[in-house]
Structures are given as structure tokens and as C-alpha cells.
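Note that chain A is present in both complexes that follow, paired respectively with chain B and with chain C.
And then the complex of A and B:
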């Protein structure tokens, strides 16, 4: 049984209320941080913990905090990114629904560390119940003296506001989120300047994922070094994984980083194996934007080592044979799933969610979707597959924000690993409309890589 | 005082050194050098704050970050929004990667473009047409139905053709920065975004006609000039008048003795010197209204100067560099054929 830090008390009845959360040791981190530590101590502790951003990019949180500019007389802001909308990811929603005080407590600790007196939680508009839950939690915390003026008599003031978004995927990109929070159209900003220098209302701002902020609570309670003992190498601590797809037990799991992927998929503690006795065909390890992997690259890396649930191991092999940890949206495909259809579905999503600001993403995502749709419906040609490859190459890296890359990677990986299936759609237009390509050779053991 | 002395940064673009003030963008540094190595800019407009970064045609490669940190930048950067560092080395037309990416952007800009140049008033002075000519291939690989919109009248003088729009946002910045009310905006998102005045109401402002001048394509056109003539059959003459609202410095476009169109005076990069008012632009179209100065300088190679497109002139650097020849294979072929 792995250690649980965020979801330790998740099954406690009433853990969503302040009273039960407090009784279970909640808000100790606020007391400890505000009364016994300086803001810099808190930053130092988070640095020591090795915590990496849980939103997708995996940037070390402590380092991000230390980049925050601190000019005199200018307010600083902490903004929590609760715009979770990556297909396959639903961990933040779970956290906010069931244990909202973990986020509120983390917000207080993090705001204190950054010297912010006003902080925002930006939640995707569709999550109205969660917005209400958070507002209640904030009101409860305020009534108990953990928010407002002079918190716990320490002289530190903090207000937290919940802001509903309009429900756009692009507003999960930090600068688009800030634009949206300012009441403007959610277009990503051109960087530099980075938010750490000029963010919300032109002031220094840190934007962190819900889970990253919640993770500061156990870091302060137990100390950064204790947190860093969990996990492997530069992947420390625990991570929430949203497991979905053809598995026996889909849901949100808190894992210690370093669990083998094989164990995560097949053990009863986690996903419980592939549903209906089917075979594993493919895996999207970290939300729809990361490269998809075929069965023979999932449990073992190309070099034959077991693949682990860590930032490094999932990315082992780069884009050729690896994937990414991303936001932890773990989507499992069994042998009955069509990769072409899935890739089309992802492309449709990115087409729909592109903000339309820069040309390659605005026009390219729509083009990819149309070509994929054509191939999926059996009207494609071999040139279309090459065309698709070419379009994604022209989007990737040439856009303002990472949405372009996120749209290009799944298409690139699908063609790289599942080209046969695309070709089968082209060569068998009628058959491809009536049955799936199946597992084919995707689970065959790989030739050992010669170093 | 040392602190007040401005120490210029030394930058090299495609091997040509230039010294510019700190804070200058790569694009503006390149414009100081001028010539072939200036990256094209579809959305950047030096007189509009916040513009640029969107069209991605000005992408360049930074092969050396600065003297202090010589690492190259990992991705191509938008030269219009990236400021120079001391010792920076930039590759524009000498990088096959940049040529390739730009070709990709041009192709992508054209997939939903109606390609109605034969009936478009912008033809001949259209940036997209120039870019398509220089970088695009002759046929498209896009085989789906193109996105279409209804034409919109923005008041009685300006026509909006969303079909042709490349969403550079320049007109939005004009509306935001020159006018007091936020009249222009973008509706929807992704490839169904559109420029809109929300309820299609007239843009009632003395300077709103400038959206026509800033538009790099034929999305916003002057209804008083619509379908009157092709621009390459008209003769531009610089003129001025004593105008109570603007500088009154304009270019008149003559056909015979008739003034067909009035625009701001544009520089080498297609940007106007001064924004002119609606009265000058739409309502004063008699020679007697103006004091004529001299014929406008027009490049001989331009369509307006030559009355037709010349064959594509290759920058000399391409002729010497094998990699670049490969990246420009199509252009070379076409240049050969048009000889």
C-alpha cells in the first residue's frame, strides 16, 4: 500500500467540512508556516521537497516560486489553476469536490510563502458545483480565522477569491488564464515577459495547479526532506492519477511516484487490469496531449527496463519511444479501440479549443481534424498520412502557446507507432468501417536495442 | 554619468552586423539593415502597441542567444516580439529551418483563404499575395470546403470580408487605441473566429477609416474605391491639405485626372506615416482639395511600379548555399521558368 498524503482521509465522512478536516489534523500547516516559519523558509522547504508542477509541464514548484519578482510597493498574486480540462484528466475536480480544504489550506501556505495578500482560484466554468464547494470552504476557513485580516494573530492578511472561467481549454494555459481572470478574451500572451515578472494586472504572479498547491500542505507538515524520500530521483512525492479507459477500476488514484506502470495497470490496488479480459493495446499516459504508446512500449522502455510512473521513466526514449507524465490523465486502450478514431477525436478537441490567435494552430488544427476524419471514414489515401505528418510538423514549436504542440504530439505519435493501422484504413476502406484493426503486432516484443 | 549612456547592442542578422538600442526587436533591427533579410510581418505594426506575434511569418532562428549566454534558442522565435541581446546572432533567410517553417505558415494561411485575388481590391498591394508568391507552392494540398462568412458593412464606407481575413488583429488594435470606445473585437475562437462590431453597427469615429490602411489583406476595403480600378493601373501622388483633424498628409491614387482613392503614406514595410481622418480619406477626392507634392516613390520591382509581377528575385545568399537551394527548390524552379 503506497503512502497517501493528499487523499489520506478521503473516506472520512464529512471531510469536506471544516470541522472534520480540522479534527483530522487540517490547517496544521497554516499554523506551522505562519507562526514558526518565514516566507523564505516555506519556499526553501518546497524547494527541498523536489515538488514538480502537477499541471503538466513538471517544472519544479520551488524554483518557480523563487523566480517571482519582488519589487517594492507592487502587490504579488498567487493564482490557482483549476481550469482542468485536458481530456482524460479529472484529479483536480475530485480534490476540489471531496476535500476542498486541502486546496484552501495549501493556498494559505503558498500565498504566505509568496507574500501575496490576494489570491485567486480560477475554476473552469462547467464545474459550478466545485465553485460553490470552494466558496463554502473559504467562508468556513474565514469564520475560523484562517483567512481575512491578521490570520491567527500573526499580522498576515489574505483573501481568496474563486473565479469561474468560461469553460475554455485554452484558459488552462497560464497567461490565457490571467487574461481571462482580468476579464478579457482568453488569448495566451506572448512571452516574455513571464508571469513571474508581469502577470495578473501587470504584477508579479505565480500560477500553480490545484494539486501542486495542495501538495504544499504535507510538505510543510512533514518537512520537504521527508516528502522527497517518497519517489525516485527527480520525481518526488505522491501524484494523483486519473485512470480511465478500458480498465476494471477507473478512478482517481494517489500513487507514490515510482510505481511500475505494469503494477499500476494490473494490480488490484489500482486499475485492476484490462476490463472484460481483453488485451492492452495502447496507453496515453498523461492526458490527451502526450504521445500515445503502443503495448510493447508501455510496461517496458525501448531499452528493456521496466517503465515506472515517474517524470523521467515515462519520458524515457524521448518522443521516439517515450511519452510524458503530463497532468496524469492515464487513458488505457484495449484491443477493440481504433487508434485512428481516437486520434481524430483528440484532433477534433484541439480544433475546437484553439483560441485562433496564431495562424499555425488556428488553421492547422482544423486541417488535421478534416484529414483524420477522412481517413477514419475510409476516404483517405496514403498521401494523406504523409500530409498529416507534415501538417503537425508545421504546427509544432511554431505557435505562441503550447496548445499547438499539444495538438501536434498525439497525431505525430499515432502515426509514428500506429502507421499500419492508418494504412489499413486507407487500403481497406470498407472493412475499416465494419471492424477494428485489433491488437495486430503492437504487443509483440521489441527487438533489443543495440547500444 | 555612466548610467545615462545608452550602450548599443551588437547584433548579427544573416551575417550582417548592426548596432541597435537595447529593447529593439529583432525585426526592427533587421529593418534597420533593410533588404532581403527583413522578415515579413503580417500582424506586427510598429504604430500599434501590443501588435505582433500572431501570424508567425516573421519566425527566425536565434543561433546565438547573446555574448553572455551563447546558447541558441530552442525554438524559432517571432522576430517582431523578441528583443535583441548584445552579441545575438540571428538567421533568417540563411536558415533552411526558417524558410521551411515560413513556407508552412504561408500554406496554412492560405488554406481557408478564398484566393479571390482577381476580384479583390487589395490585389497588387496585398501582403498575403506577396508572401504566397515568394514562399507558397503553386497548388494547395487542402481539399476541403473553405470556411466562409457573409460580407459585413461596417458603416457606409468600409466593407468587411471575413473570408479574406488572416486575424492579424491590427484593426482591433486600431479600434482600441485610436478610438475611445471598444468597437471592434473578435467573436468566437479558433478557425471560426471573426472580426466583429458585435451588432454590425457603424463605426462612428473620425479615424476609423485607418482599419483599411492597416489591413494586410483585402478583408477591410474602402467602399468608395471598391471595384473602381486595379491598384497597378492607378498612379500614386503624395499630397497634403490643411486638415483640422489630422496631419492631412496623404497619398492620392489617380486614374487619369480622377482621384480614385486616398490613403495614408506608406513606408517600405507597408506602414502608414500618419493615421489620416475619414474626411481626408473618403470625402475629399478632388484635385482642387489638395496641394500636390510629387509622385510617390514606388519600387520598380513592385507590382504597382511594374504593372505586373516580376519573376522571383532570389536573394544572393541562396545562390551560394546548397542547403538553402534545397529549401527553396520550388521557388528556384519557378524563377527558372519565368525567365
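And then the complex of A and C:
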């Protein structure tokens, strides 16, 4: 049984209330930070912890904080990214629903570290119930003296507000989120300047994911070095994994980074194996944007080592034979699933969510959706498969924000690993409308890699 | 371009205006435009959709140009620019939910309500549409109903029928 730092008390009745959360040791990190540490001490602990951004990019949180500009007389802002919209990811919803004070406490600690006196939690608009839960938790914390003016008599002032989004995946990109928070369309900004220099209202701003901010609580309580003892290499601490798809026990699991992928899929502690006694066909390990892997590259890397739930091991082999940790959106496909249909579905998603600002993404995502739909419906040609490859190549790296890459990678990986399933659709237009390609050879052991 | 098929003149109540003022107080002076998204949610919760008149009055309240409201209202998918059913069912149609039967659920809703995606039933009670990932992939298929965005998880044909029956019994009144 792995250690739980964020979800340790998740099954405690009433843990969503201030009273129970506090009784279970909650808000100790606020007391410790504000009363015994300087803001720079807090930043230092987070640096020592090795915590990497839990939203998807995996950038070291402490380093991001250290980039924050601190000009005299200019307010600084902390904005929490709760726009969780990456298909396959639902950990932040879970955290905000069941243990909202973990986020509020993390917000206070993090705001203190950054010298922010007003902080915003941007939550996607569809999560109205979670917005109410957070507003209630903030009011409770304020009534108990953990928010407002002169918190715990330390002279530090902080207000936290919850901002609803309007339903747009792109607002999970930090500069689009800031645009949205300023009351505009969610068009990502050109960087530089980075938000650390000119973010919300042109002021220095840090944008962090919900889980990253919540993770600062155990880091302050136990110290960054203790946190860094969990995990392997540069994958320290615990991570929330959202497990979905064709598994026996979908849900949110807190793992110590380093758990073998095989154990995560098949053990009863986590996913509990593939549902209905089916076989594993494919895995999207970190949300829809990361490359999909066929069964024979999931539990072992191409070099035959066990694949682990770490940033490094999931990426082992690069995009040729590896994937990414991403946001921890772990989507499992059984042998009955059609990779072409799923790729079309994801392509439609990115087309729908493209903000339209950059031509390669605006035009390319729609084009890919159309071509994939054509193949899925049995009207495709072999040239269409090459065309898809060509389009995704022209999107990747050619857009202001990473949505273009996120749209290109799933299509590229599907063709790279499942090309014969696409060809089967082309060659069997009628049969492909009545049955799926199935597992085929995707679980067969790989040829040893020739160096 | 904003194509307007229908308009609805509105007069914001004192109560609603008080809520607007509370939202505006969350931002620094002069940054009241930040209140736009939350205020549009409040307006939609009140009237069920955003008419041009409602958007123009929001613009006047926030001292911004009407176009600044239109461009936001047309960008974000949660805002309705035409009337919906009293119960607007929004079913997640993205990958993970489809792995566990979301397409079947959408076909069932279409048959059961007898209207296509985006249309309103003749009694004004229901409309439905597929929406993109709602961040509840482990509990799919899922649907939500505004303005409270109540969530219904692990849907089956039977649970959808039961939900529709319950809403029918509630009818158009509260």
C-alpha cells in the first residue's frame, strides 16, 4: 500500500468541512509557513521537493515560482488552474469535490510564498457544484482566521476568489486562462513575456494546477527532502492518476511515483484488471494529448525493462516507442475498441476546442477530423493515411500554444503503432462497418531491439 | 457574425444586480471586465439563455462595448444564444465516455425525446446536445443539466429513462 499525502483522509466522514479537516491536522502547513518560515523558505522547500507541475507539462514548480518578477509596488498574483478538461483527466474535480480544504490550504501557503494578496482559483464553468464547494470552504477558512486581513496575527493578508470558466478546453493553457480571467476570449498569448513577468492584468503571475498547489501542503508539513524521498529519480512524491476506460475499477488513485504500469493496471489496489475478462489493446497514459501505446509497449519498454509510472519511464523510447505522464489521465482500451474511431473522436475534440488563432491548428484539426471520419466510415483511401501524417507534421510546433501539438500527437501515434488497423478500414470498407479489427498482433512480444 | 433569430428584452432585478456587484468586487478597480464570464452565467441561470438585449445590458453594466460581450458569449460553449428546453441535457461525447457507451446513450436520448441534437421538444421541456469532455471519465457515461450543472454518472438506458420521467413530472414549474 503506497503512502497517501493528498488523499490520506479522503474516506473520513465530513473531511469536506473545515472542522474535520482541521481536526485531521489540516491548516498546520499554513501555521508553519506563516509563523516560522519566510516566503523564500517556502519556495526553497518546494524546490527541494522536486515537485513537478501536475497539470501536464511537468515543469518543476519551485523553479517556476523562482522566476516570478518582484518589482516594487506592483501586485503579484497566484492563479490556480482548475480548468480540468483534458480527456481522461478528472483528478482535480475529485480533489475539489471531496477535500476542498486541501486546495484552499495549499493556496494560502503558495500565495504567501509568492507574496500574493489576491489569488484566484479558475474552475471550469461546468463544475458549478465544485465552485460552490470551494466558495464554502473559503468562507469557512476565512471565518476561522486563515484568510482575510492579518492572518493568524502575522500581518499577512490574503483573499481567494473562485472564477468560473465558460466551457473551453483551451483555457487550461495558462495564458488563455489569464485572458479568460480578464473577461476575454481564451486566445493564448504569445510568449515571451511569460506570466511570471507579465501575467494577470500585466502583473507578475504564477499559474499552477490544482494538484500541484495541494501538494505544497505535505511538502511544508514534512519538508521538501522527505517528499523527495518518495518516487524515483526526477519523479518525486505522489501523483493522482485518473483511471478510466475498460477497467474493473475506474477512479482516482494516489500513487507513489514509480509503481509499475503492470501493477497499476492489474492489481486490485488500483484498476483491478481489464473489465469483462477482455484483453488489453492500448493505453493512453497521460490524457488524450499524449501518444497512444499498443499493448506490447505498455507494461514493458522497447528495451524490455518494466515500464513504471514515472515521468521518465512513461516517456522511455521517445515518441517512437514511449508516451508521456501528462496530466495522469490513464485511459485503458480493451480488445473490442476501434483505434480509428477513437482517433477520430479525439481529432473532433481538438477541432472543436481549437481557439482558431493559428491557421495550422484551426485548419489542420478540422481537416484531420474530416479525413479520419471518412476512413472510419469506410470511404478512405491509402493516400488519406499519408495525408493525415502530413497534416499532423505541419501542425506540430507551428502554433502559439501546445494545443496544436496535442492535436497532432494522438493522430501521429495512432498511425505509427496502428497503421494496419487504418489500412484494414481502407481495404475492408464494408466489414469495418460491422466489426472491429480487434486485438490483432498488438500484444505480440516485440522483436529484440537491434543496437 | 452574431446571427440573431430571436431576442428577449430583459430587465435585471435588484437581486440579480446585487449579485453582479458582488462579482465585480472580486477584482481590482477598473478591471470589472473580469466579471463578464461569471455575470453571463448568472444571466443565463435567470433567463435560460443569453438574448442580445441581455448581452447589451451586461455590456452597459460593465461599461464595455457590446461586441466585447458577444465575442465572449460566442467563444465559450456553455452560453446559449437561443432558447433551450427547460432541461438542457448535455451528454459527454469524448473518447473515454465513448469507451463505456456514451454513443449508445446519446442515440437513446434522441429516440426517447424524439428531437435531434440542438432541438427543443414541443412542450418546451427538453433539449439535448453532445458536449466535449466533462472531466468525469471514470464515471462515464455522464450528463449534466444547467443552471446548477447537476451531474448524472454511470448512465444506462434505464437510468436515463428514469431521469427523463422525473423531470417530466416536475414539468415547467420549479
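The rule is short, and it goes like this: the second predicted complex is superposed on the first by the 451 of 451 C-alpha atoms of A that agree within 3 Å, B and C clash if a C-alpha of one lies under 4 Å from a C-alpha of the other, contacts with A are read in each partner's own complex, and residues count from 1 in each chain.
Criterion: a contact is a pair of C-beta atoms (placed from the backbone, for glycine too) under 8 Å apart; a residue touches a chain by one contact, two chains touch by 3 or more.
Keep in mind that this is a model prediction, so the values were computed, not measured.
Of the two partner chains, neither chain B nor chain C is touched by A:299.
In the superposed model, A:352 makes contact with both chain B and chain C. In the superposed model, A:165 makes contact with chain C only, not with chain B. In the superposed model, A:432 makes contact with neither chain B nor chain C.
When both complexes are overlaid on chain A, the residue A:185 reaches chain B and chain C alike.
Residue contacts after overlaying the shared chain place A:245 against chain C, while chain B stays out of touching range. For chain A, the partner that touches more of its residues is C, with chain B and chain C as the two candidates.
Shared-chain residue A:327: touches no atom of chain B or chain C. According to the touch criterion, the shared surface of chain A, contacted by chain B in one complex and chain C in the other, consists of residues 168, 185, 352-353, 355.
Those residues of chain B lying in contact with chain A across their complex are 52-57, 59, 75-76, 78, 81, 101, 104-105, 107-109, 111-112, 141-142, 144, 166-167, 169, 185-186, 188-193. Across the complex, chain A is touched by residues 26, 28, 31, 33-38, 40-41, 62, 64, 68, 71-72, 75-79, 93-96, 98-100, 131-140, 144, 146-151 of chain C.
Per the touch definition, chain A reaches chain C in the complex via residues 75, 84-90, 92-93, 118, 120, 124-129, 161, 163-169, 180-186, 201, 242-246, 250-252, 284, 288, 329, 331, 333, 337, 341-342, 345-346, 349, 352-353, 355.
In the complex of the two chains, the chain A residues touching chain B come out as 168, 170, 185, 190, 351-360, 362-367, 370, 387, 391, 393-394, 397-400.
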